[in-house]
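I have a structure I would like to understand better, so I am pasting it below and will then ask my questions one at a time.
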Amino acid sequence: MLEIERLSAAYGLAQVLFDLTLDVRAGEIAVLLGRNGAGKSTCLKTIIGLLRPMSGAIRFAGRRIDGLEPFQIARLGLGYVPEDRRIFSDLTVMQNLEVGRQAAHGRPSEWTPRRLFELFPNLGRMQHRRGARMSGGEQQMLTIARTLMGNPKAILLDEPSEGLAPLVAEQLAKTVLELKREGLSVLLCEQSLYFAQSVADRAFVIEGGHVRYAGTMQALAADVEVRDKYLSV
Amino acid sequence: MTASAILIQFLNGLSGASSLFLVAAGLSIVFGVTRIVNFAHGSFFMLGLYVAYSLIDRFGHGAAGFWGGVALAAVAVALLGALVEVLLLRRIYAAPELLQLLATFALVLVIQDFTLWAWGPEDLLGPRAPGLSGAVNIAGHQFPQYDLFLIVLGPTVLLALNFLLKRTRWGTLVRAATEDREMAGALGVNQKWLFTTVFALGALLAGAGGAFQIPREPASLYLDLSVIADAFVVVVVGGLGSIPGAFLAALLIAEIKAFCIGIGDVTIADSVISLPKFTLVVEFVVMAVVLVLRPWGLLGRRLTPPRRVGAVERPLALPSRRAVYALAACGAALALLPTLATGYSLILLTDIFVFALFAVSLHFIMGPGGMPSFGHAAYFGLGAYGAGLLLHRGGLPMELALLLGPLVAGVGALAFGWFCVRLSGVYFAMLTLAFAQITWSIAFQWDSMTGGSNGVIGVWPAPWLASRTSYYFLALVTSAGGITLLWRMFYSPFGYALRAGRDSPLRADAIGIDVRRQQWAAFVIAGLFAGVAGALYVFSKGSISPDSLAVPRSIDGLVMVLLGGVQTLTGPVWGAALFTWLQDAAARNVEYWRAVIGLVIIALVLAFPQGLAGFLRDRFAGERHAP
Amino acid sequence: MNVPILKVAHLSKSYGGVRAVANVSFEVVSGERLAIIGPNGAGKTTCFNMLNGQLAPDQGKVEFEGRDIAGLKPRQVWRLGVGRTFQITETFGSMTVRENVQTALLSRHRRLRSLLTLAARAYANEADALLARVGVLDLAARACAVLAYGDLKRVELAIALANRPRLLLMDEPTAGMSPRERGELMRLTSELARRESIAVLFTEHDMDVVFNHAERILVLNQGELIADGRPTEVRVDPRVREVYLGNRFADA
């Protein structure tokens, strides 16, 4: 579904990603684990086109997407949920969803506000509330719902559990699994091994912009050495 | 005033508010989405008026010709706006905010000279609106029909815009992009296209604002800056980005102006106060009052800083020994120059010294202080007028007048600064502009004291300084001394605290720094040194007129600092030298010199978004930082 | 040693009729590490900002070393000996790490009005000593803007220490850090607190940090204090589990 091959990227003159190679298969949840500053967020930003790669290739559904504008990539069916939520605080829940709305190319539209409110009942109860007046957990739900309005085939989720109360994070994990059941592929960034373990199929551990480990989530959970070295939980 | 006279003035105010609102709404929408303060917005208004004049002239003065001309003029300006966005602004969205401003100001210069070339210097008065050329009787007064039309126009446009922004998908996308354009892009919104349409809409409103004025106001070359100043005030009073706020503010200001004119002269305690003259200042007074009471405008909210990947300023290293020697060598070379150079180049260099000091004083608050003043010329002018008037009216010797003149600027900065430092960013810039405009109006209107539009003349230096060469030395020594002092302050504990307050007001407060006081002190220091430059200037020219503290002079200062690079220490000096020379050379050799300067500025902004000195530093200094 | 350094009594704050903090009272003892936790919107930040001077309370008292500091400005609170770090680090990005600390030191000695002396050499040694204490001396000449997040947190700590505080307020000190960095920063903080008997009051979302590094925990919910006790007590408190913790931390 999503293939990243020897991707390098830099902020200004400081290179952040080095020859990153990873892939997400159709219908699976892959997680990028690593410390703060390891390059996880940069990786997602580069995939969605907010940052131009220096070299390497990104393929989505068989098509090269590196070098495209973010809006073009989004329209191909790749959704992006940023780490700090970035909902439009001036707009209501419904209007936030409207911004995310894109026609599903060649497919029937899968997500409507009504269906999303089934998935996120909280949002359904506050359709006309402005984003500024929502709690952190509700905002996190809204960013995901907003991205789904674009009928993506895959989504990039940047540290969704960061800053959420443990109770809310548990709910979020359930939601992510539900998305998988809907057939979406997910590339997740996380620092929390706990959250990753509860949802992911495969894991990539990155450190200093390099992939240090790739394997199933189960194998990683058993690999004490890698966990201690790069994740130190 | 009788009740009916009050009614008529009220209606006058309403009709005046409409065109003001149209312009301001366009400015506000463009700012909201692109975060660009479009200086050329007033130029769009002016073009709308000129184009409508020509079109109606061609189509004939019938109803179809008139209304068709007005509509087409607005559309033509909208297309121009779209073109400007695609060709210029699109390339500089990532550049620092102030450079964007510089680019739009350059556009003002280009459009001004284009208008001069196309329509000539004479004011052009358009025809009356067919069908609305008469007057109706309202409470015993004749009231123009066209003004009634304008009264309806304003609220209609407000409702239309409100519908567009709140009820359409386009409006939702615009509001989303206003808040976070990057995120909107990542959700599939084509922001390039969105920005172009927004900019075109803004230009359309400005163009329409101008075109609809055709029966009321002659097309004139001075409209661009006067309209932009008015529009700034309305937008800031209403709250940046708030369309209803702009409407309210336009109404408020237009009404106050109408009543000032309606009431006429008032006698209080034997002195006659002419309220109609007061209209020049009144909007700026309203703005100052509103901003102090409601810092984000009547209906505005605190601006969230836009997300941008601008270059982070790097630490200010102490100049290397080599750099100090190089600067000293420059100074020495300049001191030896009079033995070689001819008369005119000494005059030009004297000007450069004056403006270098002016630019460095502005840089002091813009750079380390993070306070981009749009009205720094006020203090330049106060220093100049102070010195001139102390000599003429105070009877002081020239040397003393030169010394004390700057104190007038310091006192002005003390008073105005108290208000200004309460605000930040664009609001700060606009308030400084407002105070500069007030100062200008006073200089312009207080005939008995300042000589009005003629200014103060015959302000010559003392005999021992009267020759070109000796005044050259005086300017060199004073300017170099002032610049050295200011630069020294960059590295003092005071300078550290100033930068601290700019980088993180929260943290500065949390380590015991009173940020506002610090900024106020810096504002006064900068005003004082601008005053020194002004005092030097007045004696080098022999006269001073209100022009020296008008908006263009403030903009000159900004151009110098930004051309040189606000993030460098010496940049403003090079910027001042280059710009002063360029202005002089262009004005002497080219008929349309403003356009030439405008085009040069645009080229420089596109080529060196970090300023000249910033470019040279990046080019030749080995050390670089990632943001 | 058990003298309360901070006494908070009946603290309340409302926004537009909504009670953000309602009648909260607690005390902090010298050298103690105290965490405030609770769901989003529980009033942690509001409560915190009333202690550091950013917000004036509607009602209630905040006494620091016997002096009422409610309603004082942040800069006044700092002068009295209360240091703080921010949730999202606040440093002077265009200045070097050393200059950041020097500025705090200059402020402490009230020398920031000096116009023509050179600041570069002022208190440089003292600044370096502070940087060494938090382990970032090697970064002294770098600009804060280019520092990694974890290092910035340490710089913030050094700035906070520049005024020799007796109370340190840390708003989500480990937000945005990796688990290892979290542990390191909190160990450093604990050590400083112990050695110089600085009381530390922090808000935190990471329960591992809370349970490993706090000696006492306050739990806020909808503006009210619903629990105040040792970690072992709070962990099993049924109300806390219901509104905040859920099941994950129950069995420990």
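Labels for the chains are A, B and C, by order of writing; each one numbers its residues from 1.
We adopt the following convention: contacts are C-beta pairs under 8 Å (C-beta built on N, C-alpha and C of every residue); 3 or more make two chains touch, one makes a residue touch a chain.
Nothing here was measured: the structure is a model prediction, and the numbers come from that model.
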By the contact definition above, name the pair with the higher C-beta contact count: B-C or A-C. B-C
Where the centre of all protein Cα atoms falls, which chain's Cα centre is nearest to that point? B
Counting only Cα atoms for the centres, state how far chain B is from chain C in Å. 43
For the pair chain A and chain C, the C-alpha centroid-to-centroid distance in angstrom is 32
Would you give the residues of chain A that are in contact with at least 2 other chains, written as numbers and ranges? 14
Chain C residues touching 2+ other chains are 146
Which residues of chain B are in contact with two or more other chains? 625-627
Chain B-facing residues of chain C, complex: 52, 73-75, 78-79, 84, 86, 90-96, 99, 102-104, 106-108, 111-120, 122, 143, 145-146, 159, 162-163
If we count contacts the way the header does, which residues on chain A are in touch with chain B in the complex? 10-14, 48-50, 69-71, 74-75, 80, 82, 86, 88-91, 95-96, 98-100, 102, 146-147, 150
Would you tell me which residues of chain A are touching chain C in their complex? 14, 34-38, 135-137, 162-168, 170, 191, 193-194, 231-233
Complex contact set, residues of chain B against chain C: 312-316, 318, 485, 488-489, 491-497, 499-500, 502-504, 506-514, 518, 521, 525, 625-627
For chain B, which residues are in contact with chain A within the complex? 169, 172-173, 175-176, 178-180, 182-192, 311, 624-627
